[in-house]
Each structure stands twice: as C-alpha cells, then as structure tokens.
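Chains: A, B and C, in written order; residue numbering restarts at 1 for each.
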C-alpha cells in the first residue's frame, strides 16, 4: 500500500509503519481510497470498515473497596471506573434547612408534608433536582500518567479531563440515570405505645421504596443521602475516551450495591448494615450508550486554506456528483488515536431504546469542528448508534 | 422578537472586543480577543504551522469549574475551523479569546451551559471580527428548547430550559452549513429535524428552506434572521471606521 | 507574557522631567484623580467603574451556606479577582501573576479585614446557615491604579447590593424572592477606600492615581486605606525604593480628602440609581410592603 502513494520516491522503499508516521494523512487516504486498479476495498488503516467499532469488553466488580466498579476496554482504550458511596447527613447540607418561598424550591418542604409520599414508578418531579442541587453524583475523570504520550506526572488535570468529567456529569443529570429515591436515607419516628411493633417495622421502612401504607408516610423524614463518587481512570488512551469512560460509568453503576442504612435515634447518626444480603442494587433508568465518530477529509488543507467555501446547497450538488467518482470524506466510527489526530470534525451520539417499544431515543447529540455532517449524515449515524446500542447492551449484560 | 444588541470594540486594551446582550436570557457577555500574541509559557503546545486558539470563559459570580472547561472546548472547536490560522503572522502565535459573563445569571455546577452558548459564540465571533482576525466564514447560532408538549421554544429562559424535554444549540455558517449541534435530553430524530428547520429559519430566514405555506408564518414569529443582525452590526462598524474615506468621496 | 511592554528610556525620562516641573502627561495636578464614573446595572450589586481609561465591573452575589465551624456567628465574605487577558494582553488567562496576588491582598485588607461589611449581620441561624457574599471583580481595561478602582467598585457594589430576605421559622430558613419581600441592604459599618500614591525622583515627587505609564516609571508605591471619618485602616509600602516617613503623615490628609471626594461621587450615583429604581418599581414595592 505504501508504494502506491505519490510522495515516496520510487527508488526508496519504506515499511508501512514509517510511512504512517511521515505522511499520516496520505497513509490513511491511501487506505480509504485505494487506486481503482488495485481492486482493494476501502478500509481504514487499522483494518476496520468505516462504521465498525473496536472490539469492546467489560468486566465488573474487580475493585473490592468500592461499592461498584468496572473495567471497560474499547480496543486499546481502557477505562476503569469505581463508584464509592459516602453518607451525607442533611445536617451538613447548608441549603437543606433553607426553603425558598417562591414557587420552584417549595418542593423540598413538601417532603415533610403528610400528603406527599414518594412513589417509585411515577416521574417524581423533584427526583433529579435533589441529585443536581445537592451534587449527589460526583464524577471525576483522570487521564493517568502515561496513558498516552504527552501525559506527564504531576500536571494539573488537563482541559480534556475536565471537560470529559463535565460531560459525564451532564449526561448523568440529563438522562436521570440514577434515581434520587435510591440515594435517600429515611427516618420513621416510632409512634408511641406500639414500641415493639414499630421496632419490627423500622427495619422494613428503610426499604426506601415506600411500599407501606399512608399512615407510615406521615412523619417520614430524610436524614441523609448517599453521595456517589464516581472516579474514572483512563489507564490507556488510544482515541475516543468518552465512549469508553461512559460505558465504564454505566457498567460500574449497574454493579453498584448500597448497604442498608438507617437513622439511629439514640446515637443520632446513620448506621449501615454490614450484611451483604441486605444491600441492594441501584435501579437505573434505561441504558444510554455513547458512540463517537470523526470525519476524515481527503483534502488535507480543507481545514485552513483560504478558499471560497461553497454554499450548503452547492455543496450538496458537489456531493452528489462526487458519489459517482471519488469520495471526498469518510465518517469513521470509534476513531483511534491515529485517526483523531488527522481529523477535526467530531460527532458524539448517545442513544437509548425505550423498553417494550424498542424505539430509539436520542439523549445527546453533538457535532462540532466542521461542516461535513448535516442532517442526512446525522440520521445515518443515529442508525449506526442504535445498532451499537445493541452490541454494548449485550456486552454489559454478559459481565 | 427583540433581537440581540451588540457593540463592537468597547474596550481599549484588547486587540478586539465585543459586548453582546441577549434579550431572552438577560445575559450580557463581554468578549475580548488578543491576536496574534506570543504565548511563551506554552511553547510545547504551539503548532509550527498554524495559530493556537485559546478560549477562556469566566463566569460572572462564581469561580470557574469543569463546566467552563467543557464549553471552552466547544467554542474552540467552532473557532478552530473558522480562524485561518495559517495566514501570515499567525503560525506559532496565539489567538486568545476571553469571554466574561458580566450580566445575567451564571451557570451552576453541572448545569447545562447550552442556554448561554449562542451568546458566547456570537460574542467570540464579533470580537474576532473586531480584532481583524482572518476568518473563513461567519456564523450564527441559536438555542431551542422542546417542551413536554412538543412545542419548540426559541431562546428559552433558564426556567423554560430547566423544564424542557430537550435542549438544542445549532450554529450555521454564513453559507448555510450546520457547523455545530449540541443536543441533550430525550428526543427522536423527527423532533430534531423540526428543530433543525426552525433553527435554520431563525439564523438564515426562510428563503433558505424553500417556500411552502407554513414558512411565511415562521418568518413573522422570528423576525429578522440572526445572520442579518450580525451582518448589520459589522456593517455599522465598518461604516464608522471608514467614515473619513466615505466622506471624502 | 507576564510583563507589560516596558517603557523606553526616553519615555521614562520624559515623564520624570515633566514631573520635576509639576506637569503630568495628561495635564493633571499631582493629587488630582482622573475623571471617575460610577454606574450601576440592572441587577443589585452590579457596578461599572471607569477611572480614566481603567475600567472594571464588580458583581456582588449572595448565597446561603454553612458558616465556618470556628465562627458560627459570622457570615462569609470573599473578594474574587482574576485578571484575564481582557484587561491587558500582558495577563495570562488562568495563571495568577504577581499583580493579581498583590492587588487581591490589598483589597482583602482594606475592605474585608477592616470589617467594612459586618459579617455578623450575615448570620441567619447560628452554626447552621449564613449568607456568603461574594464580590467578583472583572477588569475590562487596565491603565494603572487597579487597587483604587477595584476598591471603589467593591464598596459601591456592597452599598448598592440588596440580598433576599430570610426568616427562620421552626428551624427552617425561608428565603423570600426579590419580588416577594423588599430585599435587604447589607450592613456597612464604614466606608474605607484606598488611595495609592507613587513616588518619583527619590521620593521628592508624589502623585496619586497614576496611569500605567506613570506606574512603570515610578520608584515606589504607598497605599493608604482610610475612611470618611479619617480612621486609617491600612498603610502599605510594599516594594521599591525607600520613602520618607513624612510622606505617610502628609499624604494621609490628602488621602482623607480624596476618599471624601470619591465617597461623595459614589453616594451621588447611588442616590440617582435609587430614585430611578423607586420610579420604576413603585407599584411592585408597595405590593410587597402590603404582603408583609
């Protein structure tokens, strides 16, 4: 393949690996558009087809000191995620005893209101406001030393790590993946006179599902919250960190078990049970899966040459005519580090499927850094992402 | 709908600056551009063949956090494709864009920056123009929210955005390409296509999407396309700058 | 680039020689301020200060937090000033320079440590909740005398700011929205301001409110923080060549005069803004009053 490129003098032959370093753009281009005479199919330099993802594997529960953990490998990109749950007593929350008399914040007060009892399946409006306002989910992503060349020890978190952390936090909030109900620790004061009965009940009513009758919901009070510290370490970075990190978060949260916790009146503190049998898993909402793409342009100078850029309409015509002849750009799924270095335009789509109907729901769609991807291309990418959803679901269910 | 209000070059020290007031969110963004400048502290990060674009977003009443780093990344992605960083004098130099929220609400930790994003993008663009940085094209951006009932709200307020089912920011180049799309919240592709069409109408007016019956109505709702507003701001500035020449003629 | 472009030798000599003849580049007297303009934005605590060609924006904000464990009766007050490339191309984004550290330190001492804002009045519920007041200084144009300009902005902002009303009801703190109850002004104990002097010519010439070029040409600077009553709350001679002790004595009276002058300008701007607001918000305010 290397000898097919024009930039190499005929007398000198180079092994492909060196050619890849010297002329990365030409190297990838030569793979994607092989000369017609060679009869070779268009393929990426890493041997994948354009819409093919790397081999993905997941493993959960490997870290013993966390409440849930997962290792996800997407090709050579490896993300480790550990979820650690800490108790946050409501006394320590400055804004807890504060209510705003105006409309929006009133809900918090209603909690102590007898009429309000948390229901599980109904969409509780304050459900995620608790998670968001009190910061109950704290993801932090670090690109560890040596995960890729250029990551030196002792450096502050890079802009990439910070923005990935934010993306994960934002996605956790917007997908409402974790239910706030799972993170609440309740207290039910015993009613006088029925001491024994209530003692017995006390163990049950901590079952936060609140399946019990109305009179129990009466003075139920939130005494503390679980805060989930979600730490993600990218131990090897070979492109596309977001997909791997998000899959690791998802797998770790699916693996997370919280011990049974209740408020001990005598000691005025939250006490946890150490019986494994009493701990319970988080019940997550859906299974959003992220797929990233990048756009490779045949013209290496497309990004910077001061030329008159054709109108979108004209561009579409050019695109049509190009279909017969030479292709000018390729959308590559799950780019590796080599490909990321050669491309500017990025697309990231997170999809989920409704349970039952199987309808594809997009929960996040981002594209930036270019103008090759428009409505039509995005539609095709959503379909590819929906396919990928099936694969990842299968992988996560296996582990 | 009241259009945004923008002023070019309100600052004296920066090479270029712009102030941008968004009527719906009430946010006021001040942006400055210094270009081309030396960035000695980051010699390792400088690119030998083109300019390094740096974006800094400063929230109004809070310390900067991960959310700012993220939105900086988005803005950098758009501007990186816009700025002709290989023109004379730009390679190995920096283009430093600083954006500060000097009025209106700030964005809390973990909250979405999307409602502010179009204002930030427009400010950055106008500041770049004010600093005479060579650009390949201009753009216009808008944010749309889809409410629970499926209604599309243009430039939602903070409360509307919080209650919305999905939130979309779209930016179109002056030539009509989709430059940027940031969508979050549950939606399906048909909804997005409607959002896309509406956004295109807001940014470019209705001529761009053909002429069937519905379109005329849309134009009334959205008033002057944003692309026109941006263009006028710049034309006014050019007029003022070349007043001496025009008068002479 | 952490340094401003240095002055050329001729420029420096020119400034110095002119000062020896009691002339400043912009024609001011030695103890004359540049034109000062203080204006307020729509929100409470939003101040724009224009001092000659130095301009900055101060925003005051408040939120309810938990007080420090060792001071359960005190609220919190922070001054945040981050110099960005907006104010001057010489400043790096996201990196703290010497100037930033120095100015923040002086502001802290003049405004915060002199207890200009009564932090005890910010306590809502002992040990549980209090107000945290934050002053953000955005420097938009830098042409010398950052300290005084920022000080004016912060003090004007604190006087202009109104926080939401908060009431304690059975252990629950209720915060009323700005449109529900008349918001509360902060408790300002006194109005200290700083006046920065720069010395030239072995301490023989002393000027106030130096421009950037004058600052660069100067030998040393002296900052005096003083309030309207003439109580000195801060004196500093941070760096540069030695200054005669009498300068401090002499210039304190100049500083007092200037602080009175500046405070009068702030008061005038505040009054104008208040009456403007009263006109606009008469109906709403009276409604809130009735609700009470």
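The rule is simple: contacts are C-beta pairs under 8 Å (C-beta built on N, C-alpha and C of every residue); 3 or more make two chains touch, one makes a residue touch a chain.
The structure presented is a predicted model; accordingly, all values stated were derived computationally and were not measured.
Engineer: Farthest chain from subunit A, going by the mean of C-alpha atoms per chain?
Structural biologist: Of all chains, C has its centre farthest from that of subunit A.
Engineer: Comparing A-C against B-C, which pair counts more contacting C-beta pairs?
Structural biologist: Ranking B-C and A-C by C-beta contacts puts B-C first.
Engineer: Could you please state the distance in Å, as a whole number, between where the Cα atoms of subunit A are centred and where those of subunit B are centred?
Structural biologist: Here the centre of subunit B sits 27 Å away from the centre of subunit A.
Engineer: Give, as an integer number of Å, the spacing between the C-alpha centres of subunit C and subunit B.
Structural biologist: Using C-alpha averages as centres, the distance is 32 Å.
Engineer: Can you check how far apart subunit A and subunit C are, centre to centre, with Cα atoms defining each centre and the answer in Å?
Structural biologist: Distance between chain centres, rounded to whole Å: 44 Å.
Engineer: In the complex formed with subunit A, which residues of subunit B make contact?
Structural biologist: Interface residues on the subunit B side: 50, 65-67, 69-70, 72-74, 77-78, 80-81, 84-87, 109-112, 134, 136-137, 159, 173, 175-189, 192-193, 196.
Engineer: Report the residues of subunit B in contact with subunit C in the complex, numbered from low to high.
Structural biologist: Residues 11-15, 17, 26, 30-32, 34, 37-41, 54, 56, 58, 60-64, 96, 98, 100, 102-103, 106 of subunit B touch subunit C in their complex.
Engineer: Sort out for me which residues of subunit A touch subunit B in the complex.
Structural biologist: 104, 132, 135, 159-160, 162-163, 165-167, 169-171, 173-175, 303-306, 309-313, 315, 344-346, 352, 359-371, 373-375, 378-379, 382
Engineer: Inside the complex, what are the residues of subunit C that reach subunit B?
Structural biologist: Residues of subunit C touching subunit B: 1, 41-43, 46, 53, 55, 57, 59, 61, 80, 82, 84-89, 92-95, 134, 136, 138, 140-143.
Engineer: Residue numbers of subunit A touching subunit C in their complex, please.
Structural biologist: Residues of subunit A touching subunit C: 92, 94-95, 97-102, 109.
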